[in-house]
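One structure below.
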Amino acid sequence: MKKLLAPLDNAVGLAVLATVLIAVGTAMTFFYAPVDVDGLNQKIFYFHVPIALTAYATFGWGAWKALVHLWKKKPGADLESYVAIHQGTIFGALTLITGSIWAKLRWGHWWLWGEKELVLFLIIFLFYCTYFMLRYSIEAGPRRANISAVYALFGVILIPISFLAIRLATNYIHPVAFTKQGPQMAGSQFATFMVCLAAMWTLAGALYRLELLGKRLDLKIRELRELVL
Amino acid sequence: MSAAAGMSGRRGRGGLVGYLGDVATLAGKDLRIEWRARDTFPAMALFVLSTMTIFHFALPSGSSDRAAQGMLWVAILFTALLGLTRTYAPEREQGMFDGLLLSPVDRSAIWLAKVLATLVFLAAVEVVALLAFWLFFAHVGGAMIAAVVLADIGLCAVGALVAAMATASRSRELILPLLLLPLSVPVVVGAVGASVDTGTGKYLAFLALYDAIFSLIAWGTFEYVVAE
Amino acid sequence: MADTASLPLVRAQGLSKRYGDKRVLSKLSFSLQSGGFLLVTGPNGAGKSTLLRLCAGLEGPTAGELEVGVERDELGYLGHEPLLYRELTALENLELFAKLYRVPERRDRIHELLERFGMWGERDNRISTYSRGMIQRVALCRVLLHEPRLLILDEPYTALDAAGCELLDAVLAERRGNHTFLVSTHDPARIEHLASDRLAFAEGAAT
């Protein structure tokens, strides 16, 4: 089992898996999933929602690593938290773009303040963009790692609180795909959705591993230079 | 391990009473410095009045009271921001963060004291702001005052933490609004909702929830923001 | 006290500190016994202040180990900044710190110290109206307020006039042996006779 899962811990293995899953997911979206009452424009749902869920997941992962840094003082956790949030911000930008396209196709406007998910992502996106401004305006060192970690923790609290706030503030017009009873989707739609979700998560995982690899290499090179000079 | 980790400094300090005593001592120090220097409060009061004057010209005739109430919250938020940029001014200018961190007080007491001192400034400014609002624009109700109190607690709790983050940053005054504004969106929703919508209770409850959650996490994490 | 006296109060092993790419301290090792007096000497920018800040717990080392066997309330640190609020008077500043450090009979203690350092007459004036030398005297009062076991003094003679220097000589001499000292200076002649250990910095490397 361990051998079987080994590629998941490896950037190249993940990248290959992500490519396959994205290809399968795209094919399923266009050839397998039935056309919904919304028409063809509903197809973007299979990309928009998985991308959004991936962004949440990476922000959550970043906050978890932040907690590990503060709590266990584990070296390297700060870098992992940073890379996760970096990926989250990229997926967050993609969520805003795909969401905006969906809004245009469905309601004829690029931006709708009544779209709760979009507004929520705008707030979160602004919040995490500031993460980078904050991080890069502090001298590298333990203090920067601590402050970045605390900020990342605030992020995962802000997400549900903002969600509540937006519910309070706006009318509810976002189409409901999931309810408490379970997915209101046909089996083929649900299968397509799950494949797309898996594709996005593996893609995020691959990018995370890859960036981490690069950043760690950077650090090693700097340490070596330190020894030589 | 580093020296900082080895020194807890919490021995025999009189438990909760001692803790609250430290908070009172530190907050009293901030109020005394402000009373002497009069740097922050007059600036905040003038700012909020100027902003409201601007709003008079920014709101065309026929604008509803509801629009004016929304504007009031913009004014309050920006005034709080102005005050928060000065929160750690005495510490920053004189390297006093070191002085406080060396002393055996619990670090979270430093945060709590700053929250209380900032709350006093903000409340004093809001007395001016609400009076002016009542004179210039519209009626001020009980729900609005309750919303002001609850929103202030949240803004100051989060503000005192992110202002400490900003002191570590090279960008300082520039970065504070960027840090605070996304975090204050829920506060604005709760406060404006309580002021203009029916069903005030749920908005006030939401503000109270925000205050409780963010105060708790700020209280718990402040120590990491100020020390290595 | 007998059992702790034999153990080092401050112990550093392979201590390094870097700011970005700049190396300030490199693989420094030393130990200071309880009751000892470590004199840290060297030119400007050699890393003396950084070492003292590390020992005070104001910063963490980049690498290596540093053990300081005192609680925060047993430590007195005098740095480049006086660590006094400029808008408060000498009395108010010392009152503030005496409360935070839980100094018993703080009024008498503050009176005694201000008297000793010749600042009692100035007690109700704000720090911002003082000269550099007067500020240094009040800063020394703040450091000694709670009679800390470990005194970390970074260039304590800075800005003091002749009378102030003699006063500090006497204050250090009478505490020598009862307290543990970690003192930096670029002019060691003045207090060399008090030192039990020495740490001399060249550029970034102590010998």
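Lettered A, B and C in written order, each chain numbered from 1.
Keep in mind that, in the parts below, contacts are C-beta pairs under 8 Å (C-beta built on N, C-alpha and C of every residue); 3 or more make two chains touch, one makes a residue touch a chain.
Because the structure is predicted, anything quoted here is derived from the model rather than measured.
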Problem set entry | Two chains joined by the most C-beta pairs in contact, as defined above | B-C
For this session: Taking all protein C-alpha atoms shown, work out their mean, then name the chain whose own C-alpha mean is nearest to it.
Result: B
Exercise. Whole-Å distance, subunit B centre to subunit C centre, using C-alpha means?
Worked result: 35
Exercise. What whole-Å value do you get for the distance between subunit A and subunit B if each is reduced to the mean of its CA atoms?
Worked result: 32
Problem set entry | Geometric centre distance via CA averages, subunit C-subunit A, whole Å | 50
For this session: Send over the residues of subunit A in touch with two or more other chains.
Result: 141-142
Exercise. Considering subunit C alone, which of its residues make contact with at least two other chains?
Worked result: 60
Problem set entry | Residue list for subunit B, restricted to those that touch at least two other chains | 228
Problem set entry | Footprint of subunit B on subunit C - complex, ascending | 54-61, 65-73, 75, 77, 79-88, 92, 96-97, 99-102, 126
Problem set entry | Residues on subunit C engaged by subunit A in the complex (per definition of touch) | 19-20, 23, 60, 62
Problem set entry | Contact footprint of subunit A on subunit B as seen in their complex | 161, 165, 168-171, 175, 178-179, 181-183, 185-186, 189-190, 193, 202-203, 206, 209-210, 213-214, 217, 221, 224-225, 227-228
Exercise. Can you list the subunit A residues touching subunit C in their complex?
Worked result: 139-142, 226
Exercise. How about subunit A: which of its residues touch subunit B in the complex?
Worked result: 70, 123-124, 126-127, 130, 133-134, 137-138, 141-144, 146-147, 149-151, 153-154, 157-158, 161-162, 164-166, 168-169
